[in-house]
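A short write-up of the structure that comes next.
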Amino acid sequence: MAVTDFNGPDFDSWELRELKEKLVNAAHILDREGVTDGFGHVSARLPNGDAFLTLAGVSPGCATVERLVMLDLDGNYLGGEKAPPYEWPIHACIMRARSEVMSVCHTHSKWSSLFSILKGGLQPIHMYAKFLPPSGPPIYPAAGLVGTIERGAALAAALKDSAAVLLRAHGDAVVGNSIEQAILRTLQLSFLGELAHMAVAHGEPLYLSQDELATFSADQAFPARPWEYYLSRIRERRSS
Amino acid sequence: MAVTDFNGPDFDSWELRELKEKLVNAAHILDREGVTDGFGHVSARLPNGDAFLTLAGVSPGCATVERLVMLDLDGNYLGGEKAPPYEWPIHACIMRARSEVMSVCHTHSKWSSLFSILKGGLQPIHMYAKFLPPSGPPIYPAAGLVGTIERGAALAAALKDSAAVLLRAHGDAVVGNSIEQAILRTLQLSFLGELAHMAVAHGEPLYLSQDELATFSADQAFPARPWEYYLSRIRERRSS
Amino acid sequence: MAVTDFNGPDFDSWELRELKEKLVNAAHILDREGVTDGFGHVSARLPNGDAFLTLAGVSPGCATVERLVMLDLDGNYLGGEKAPPYEWPIHACIMRARSEVMSVCHTHSKWSSLFSILKGGLQPIHMYAKFLPPSGPPIYPAAGLVGTIERGAALAAALKDSAAVLLRAHGDAVVGNSIEQAILRTLQLSFLGELAHMAVAHGEPLYLSQDELATFSADQAFPARPWEYYLSRIRERRSS
Amino acid sequence: MAVTDFNGPDFDSWELRELKEKLVNAAHILDREGVTDGFGHVSARLPNGDAFLTLAGVSPGCATVERLVMLDLDGNYLGGEKAPPYEWPIHACIMRARSEVMSVCHTHSKWSSLFSILKGGLQPIHMYAKFLPPSGPPIYPAAGLVGTIERGAALAAALKDSAAVLLRAHGDAVVGNSIEQAILRTLQLSFLGELAHMAVAHGEPLYLSQDELATFSADQAFPARPWEYYLSRIRERRSS
């Protein structure tokens, strides 16, 4: 990975400061809310579009602005810590395939791991499922870490136009048009997994129809409220 | 929403101070005890009866006395932060239909969400069920957030004379003749849901009969004790 | 309840100081370890045998040495806060029936509540079950709080010579020859309930035979170690 | 147990300082991550091979460098607190049978306890299972604490060349070529147990084949990252 002819902002420039801090907060939220363990990462595409920031080989709960790395969509190093995550192609390949995606989360979430190896899929039984396809997130079936462009491209193909994809026996990848959206969706996917898991003990539940999901989707959404809330929870922790 | 000819106490008056602090504590308890996420709200009817206080577009865990709003039962703004929750009709319509109700809690409780989409209902298997109908809380079946008077009225009709109603694929609404009662019932409903969920794995449990529930109901109750306890838990958190 | 001709130590005497502090610690441990909610209590029999100390109408998590009450085995008030718990007969009647019992815990434990309404009982599937009868703890089947001598006597009869009894749709009562033993058994009963609940999903487990339980029982036990551990956890909490 | 002709480093020597601190951290991680209760222990073999350090009759969460003990592989006392854990043969016998093992963890993990009494075994349904045999960890079936050389030898025989063995109705023993590896495997075993437990409710899951596990195993591993993460979590706790 060599430095390319990238002409976006420098890794250390002031204009990236806010994005980097938000990314670190996002990583801490993943950790605080219990959807990730010592592994997993979250990324943010740069405003100019052809590069992204992510965690540099550090657990989400230990992330700092000093431990970020900047890569272009081919994985070329552009700045920051020289330890890109082994699975950087998750971020690069999805961002290349989906130009509207500004952030990608990858975790080993317990609930995503569970549904990734079940045959029935993750059916919508709560309004939070409105960001998902009616039959639930698709599954990327291959074994192995997503450490190559080939695997990353196959993952992006499995994701297709969905907001989330489950990685079989591994975890999930969730996208958003902002860091906040990718994080909130990751947390809601976890909630949906837990709920769908519990429901199975009770016989066929009353799944939401496409019309019903559409009704929920037509209502207003309030993404700023949970973001403020999750920020308050990581701040409370830092000050304790 | 325009200011009406309401002649109860002013939002900033001293006589509302205690009620506002109790409401904020109630919101923090919902959060601390894990029955809500970044969404949900709790309301308190004013002593004069025709208005209520609730959270102004803020997560229960982030509520403060400055972030409350006062509305009349038609949703007209009477004071406080100018951001009533989108689902204010949950509170207004239930209080209008049930004059004895002094407080309403609305959460996306995991357990209420679960039972809201199951066919079997939430049967009583613990003495804490004594505030519920013997066949469990009714279910409001419609999709969509309760953001209009029409939906609020339909919700109040589904609630009827019960202490709680489940909102399908969404959560619950629980009422009380005081803030303390609405909160304690919300927590007990969560406990009852968890218990009923676990019991289903073991074959038909020994449900409580109406007579048995009546025996438990005839015994004394001690609502001050858990309220003191839950307050101690939010205070411990604040001081840590 | 009038003061009787009791001639044991005075409630405020120095010789009870250590016992009272241990009792408060025990209540805090019940709370810290999550086996109780705002209700429940724990008692300690006095060395002279015919009286006991317990919580005076306060949640276990809020207990202090000032909020204890001393009663004789008929429930007569002997000192401390004048608010004995409504269910004092749980303690008095069991201590009267079982002279070796020095401490009784009563909680609304989730796991005890669950098994109290199941038909199959709580079978031994872990070595911690060595303090229980091979078919699990007996069940007290009656509805209603144990607020009278009659109900307390029926509970003691259901307990018989077991170390624990489940109160149907209510919780449990667990006894020990010391406060430490009653607490540790309560925590282990909770662990056993969780384990037995999970096992049921997997088909018939390999239950421990009486011989196998006897083998575990024949081995040494180390009750001081978990007591030190649980104390460290409540101290950590107090200092945070 | 008498002092032998051991000629490795003295218990109080500086060269053991780092190993002892790492061992205490390991014990605290076991506690912090919830895989152990007041019981359980972890050991570290000395560089010279024929002795080990472990907890001296203290709960993992209460371990300190002063409360360690040094024993040779026959259980002879070599230094430190004179209270070796009753089950020291778990460590001594496994280290004797497996010369590459540098650390052994023993816990009463809820998930290991569960699968130890199930007939189906713990099948691999997540990439974290790559350190386990394809049919899951073997089970040591005998009742009783592992307090004698005979029982320890039987346990080592059940473990054979696996990385973990389940102790029926008791817990687990997990080995590693470093303290870090033994701890990470213990945590992953717990995660795998939870996942396999949940999966059983959904019909036959898509187990990983040996080829698929081999694909995951062929990928790089990053053990330093979770170790840093788990250390950060015990430090956060100490400073709170």
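Order as written gives the chain letters A, B, C and D; numbering starts at 1 within each chain.
Criterion: a contact is a pair of C-beta atoms (placed from the backbone, for glycine too) under 8 Å apart; a residue touches a chain by one contact, two chains touch by 3 or more.
Owing to the predicted nature of the structure, the values given are computational and were not obtained by experimental measurement.
Q: Starting at chain A, how many touch steps does it take at minimum to reach chain D?
A: The least step count works out to 1.
Q: Same or different for chain A and chain B, where same means more than half of the interface numbers show up on both copies?
A: Different: fewer than half of the residue numbers at the chain A-chain B interface appear in both copies.
Q: Chain A to chain C: how many Å between their CA centres?
A: 46
Q: What is the distance, in whole Å, between the centres of chain B and chain C, each centre taken as the mean of its C-alpha atoms?
A: The separation of the two C-alpha centroids amounts to 33 Å.
Q: Spell out, as numbers or ranges, the residues of chain B touching 2 or more other chains.
A: 201, 240
Q: Looking only at which chains touch which, which shape fits best: line, ring, star, complete or other?
A: ring
Q: What part of chain A is in contact with chain B in the complex they form?
A: Of all residues in chain A, those touching chain B are 124-127, 191, 194-195, 198-199, 201-208, 211-213, 215-216, 218-220, 222, 225-230, 232-233, 236, 240.
Q: Show me the residue ranges of chain B that touch chain A in the complex, using the header's touch definition.
A: Within the complex, chain B touches chain A at residues 37-39, 57-59, 61-62, 86, 110, 113-114, 117-120, 143-145, 147, 168-170, 197, 200-201, 237, 240.
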